[in-house]
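Chain nomenclature is as follows: A, B, C and D, assigned in order of appearance, with residue numbering initiated at 1 for each chain independently.
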C-alpha cells in the first residue's frame, strides 16, 4: 500500500557507503572540523565562520563542570552508584537540567530578545528598555534570570565570555542589553548583582542568533564531559549504594596550575 | 556531629569566583581548548597532545549522525513529538544507545584488549591470536563485534579513521589486531566482512588507552549534535503526535557538496 | 558539625525492623489494601473509603493499554529493541507522556477547576460558565482538552467511568461541567465531539479532589502494566534492532471474550 | 508498496469504540479487576485466580516505600527540585533501580531457579542443593543475593510475605529453597543472616512462575506510589534547588497507628 506516513528530513542523507551531514560526506568533515563546528553544522545547516566557532567553543568550555554539587551531577552519580549502565546515569543527569538548573540561560535569552523587540517596536534606547523590563518584572513579582550567584560575586567565566565576545566581534546589542539590565537592577531594586555565567551565555547565544529552545541542550552538551567524569569516578572509585552527601566532600585532585 | 558521609573528588574544585577543572581555571581553558580536549581533560586529568586531540576529534565527528532511522534518533523524535522538553527527548534517545546500537564499540574494544593480552601471555603473533579468537567465538556461537554493516560494504568513515590513525601515529597493535580479525573471519568463516565504523572506533580508542566502559558514552557524546538536530527539526517542522515511519522518509536538504 | 541540610518528610518512617507508611506498618497493609489504596494512602496520607477506592481503581484500569501505536509504547519498544535493561525502556516510555500524550487529562482538569471557580466567583450556573469558557477558548484560539478522539466516536471507557461515578456518588459538579462543555462546543463551535477518556478521567479526578499536577503521573502508573507487557513482548518475541512500524501491525492474540 | 515492516502483537486490539486487552473489552474490566490483576493479565494473558491476585498484591504493597534514602527516591527528588516535570522525576528515579537497588530480587530469583534445576538434574534434596550453591558462590567469591540488610535484622515484610504464601498455598519448593540457603549460609559462612524483603519477594515470584527479567519492573511498579509521593512532597513543600541530605532528615508525619 502507499503510505501516508512518508516524511522528510533535511539533516543527513545515508546511502550505501556514503553518509552526508547537511550535504558534506562525513569523511570530509573528519579531521577538518571540531565538535563545536559539527554542532553548529548539524543545527544550522552551514559551518560557522572562524569567529563563531571560537565563540561557541568558549561557551561549551565555560560550562564543562561545576563540581559535584549541581543536581545534575548528583542525580547522575546517584544513579551510577546503583550499578546502572553509563547511559542511564547520563540520562538521569540530563533530566535534572531544567528551569532552576541551567534553565536560566533560556529564560535570560527570552528576556533579552523581548527587550530588543521592545527597543525596535517602541523606539527605546537600551537603557530605557532595560529599565522598563526590570520595573515590569518587579511589579509582576517575576524573577530576572541571569543575575547573581550563590557563590560567585564576580564570575571569571562571565568576564572571559564578554572579553572574547569583544575580541571576536560579538559585543552587540544583546551584550549591551545584558549590561543595561544589570545597571537597571542596581538602580531600581538597589542590588548590585553580577551578570552570572548563565546570563553571559544567554547574551552571547543571542548574538549568535540561537533560538532559546536550544539553550538547555547547549548547556547539556557543554556539561556532559564533566558529568561523564563524575559518573566514571563514581563507578571506578566509590562504593556502590554509598550515601552521597551533596556538599560535604573535598577536592583531592591536581592543585591549581597554569595552562602552558 | 562529624559525618561519615564525607567524601573526595578529584575532578573540579569550586571556590568563590574560581572554578578549576583538573587544576585549570576554566577561564584559562576557554578559547584555548576545544570540546575534544575538554572531554579528554575531564576524564584523564591531563590535556591531550595535538595528535591525540585530532584523533579524538575525528572519532567524535565520525558518529555525528546517521539519518533518522537509528533507534536513538527515533526514540528522541518520538518523545519530542509528544511535547516533551528537549532534555527529555535527548534522555530518551540516550537510553536507546545500548548493546545493539552503539554498543558494538565496547564489545569490540573488549575483544581487542583480550586478543592483545592473549598475545602477551601466550607469546602469539597477531595473526595467530586473531585466528584463535575467531575460532573460539565461532565454537561458542558468540558474535564478533565491529565487522559487517547492513548498508555499508566499504565504510568511508572506517577508511578515514585508519588513514588518520596512520598519519597521527596511532596505527599500532590494536589497529593491526582489528585487521587480523577481519582476515581471520574471511579465512575461518568464509565471509569477507568489512571493519565497520564501530570496529574502527574501537581499535582507535584502544590505541588511545580508553577503558571500554566509556565507549558507550563517547558514542553518545558524538551523536548528540545529530540527535539534537533531529529533535529540533521534529519540534520545529513536524506535527505533534504524528506517526513516525522508521524508514519511509526522504532527504530534502542540501545536495552533496565539497568542503572548501 | 551541625548541618543546615536537615530536612523533614511526612511519608514514611523507617526504623530497624519497622517501616511505616503514613503511620501504618507495611506488614499490616500487606494483604489488606490493593494498589489503588496504596497509591491514595501514599499521596493523601489517609486510606480511601470503599467508593473512592473503586473509582480510582477503575481510572487506573481504563488506561492500562491502547495498543502499540501510542508514542510512549513506541518509545519503550524502540529502546527495548536496542538491548536496554527493562528500567531504561520504561523510563523512555514515561518520558513520552507529555502535553500531547496523556497530558490532556491535566489540561482538562485545569479547565474544569477554572470553570467551577468561575461559577462560584460570578454566580454563574454550569451552562453559562461552560458557554463562557468555550467562547473564551475559541476567541483566544486555544485548544479545549478532553473532547474528540482520532479513533473513538463513543468511547466505552468514558461511558463506563461516568456510569461508575453515578453509582458511587461521584457524579458531582465536575462531571456536570464536563457534560456542559460538550454541549457548549456543539452549540458554539458546531461540532458534536464526544468526551474522550482523558476528559472523563479529568472530570472524575476533579471529583476526587486530585491536584492537576498529579494527573500525568496517574496516567503513567495506569499505563505501566501495558507498557511493560509491550517491552516484554519486544524482548521475548522480536528481533533486536528491527524497524518498528508505528501502525502497520496486526493483533494476533486472544479473540474478544466475555469476563465471567 | 508492500511493507516488510509489518509485525504482530498479542496484547491489545484497538478498534473504533473498542479497546480489548488480552481479549477483554476494557470497560468490562473496569470496576471488576484491581491493579494487580490488570498487571497479571497484561503480562500473562489471563486473569489470575483469587489467591494469586492476593499474593501479587501483597508483593506490590511490600515495596511501596522505604523513606527518602533509597537512591531511586533521592534521584527522583533531586530531579524534581530542579523544576522538572513529574514524568522526568519519575523516569530518573526508575533509572536508579538496578543491580544494587532492587536488583537483588532478580539475582535471587536466578539463584533459586538454578538451585531448583540442580535438584532436578542431579537428584539432590533442597538442603544438599542449597549447600552446594552457597559453597560454590563462596569459592567463586560471588555475592549471595536476598540475605541480610543494613538496617533490618528481622524484616516484618519478609515474615508477612511467607505467612501469606503459607495461607494462600504458595509455600512451595522455592520458599523452601530460600530457607535452606539461609541455613546453609549460617552453617558454611557462619553468619546468621535474615532473608530480606528482596529474597522473600524473589522466592514468592518464583512460586508465581515469574521470569526473572520482570523482577526489576515489579519493584519499579511497586515503588512508584511512594516515589510519586516523594516527588509531590518535594515540589509542594521544598525549596527548589535545595541541597538534599541523603540521611539527615526526620519524619514529621502521622505517628504509628493501627489499621482498623
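The working rule: a residue touches a chain if its C-beta (ideal position, glycine included) is under 8 Å from a C-beta of that chain, and two chains touch if they have at least 3 such contacts.
Here the structure is a predicted model, which means the values were calculated and not measured.
Relative to chain B, the chain whose mean Cα position lies farthest away is C. At the interface between chain C and chain D, two copies of one sequence, more than half of the residue numbers in use are shared by both copies.
Between chain B and chain D, the centres computed from C-alpha atoms are 35 Å apart. In whole angstrom, the spacing between the mean C-alpha positions of chain A and chain B is 23.
The centroid of the Cα atoms in chain B and the matching centroid in chain C are 39 Å apart. Chain D has residues 3, 5, 69, 85, 87-88, 91-92, 95, 97-98, 243-247 in contact with two or more other chains.
Looking at the complex, you find that chain D touches chain C at residues 3, 5-14, 16-36, 38-39, 41-43, 45, 54, 57-58, 60-62, 64-69, 85-88, 90-92, 94-95, 97-98, 151-157, 159-161, 164, 213-214, 216-217, 220-221, 224-226, 228-233, 235, 238, 242-245, 248-259.
By the touch rule above, chain C contacts chain A in their complex via residues 5, 85, 87-88, 91, 246-247. Those residues of chain B that touch chain C in the complex are listed here as 1-3, 69, 71-72, 74-75, 78-79, 81-84, 88-89, 91-92, 95-101, 103, 240-241, 243-247.
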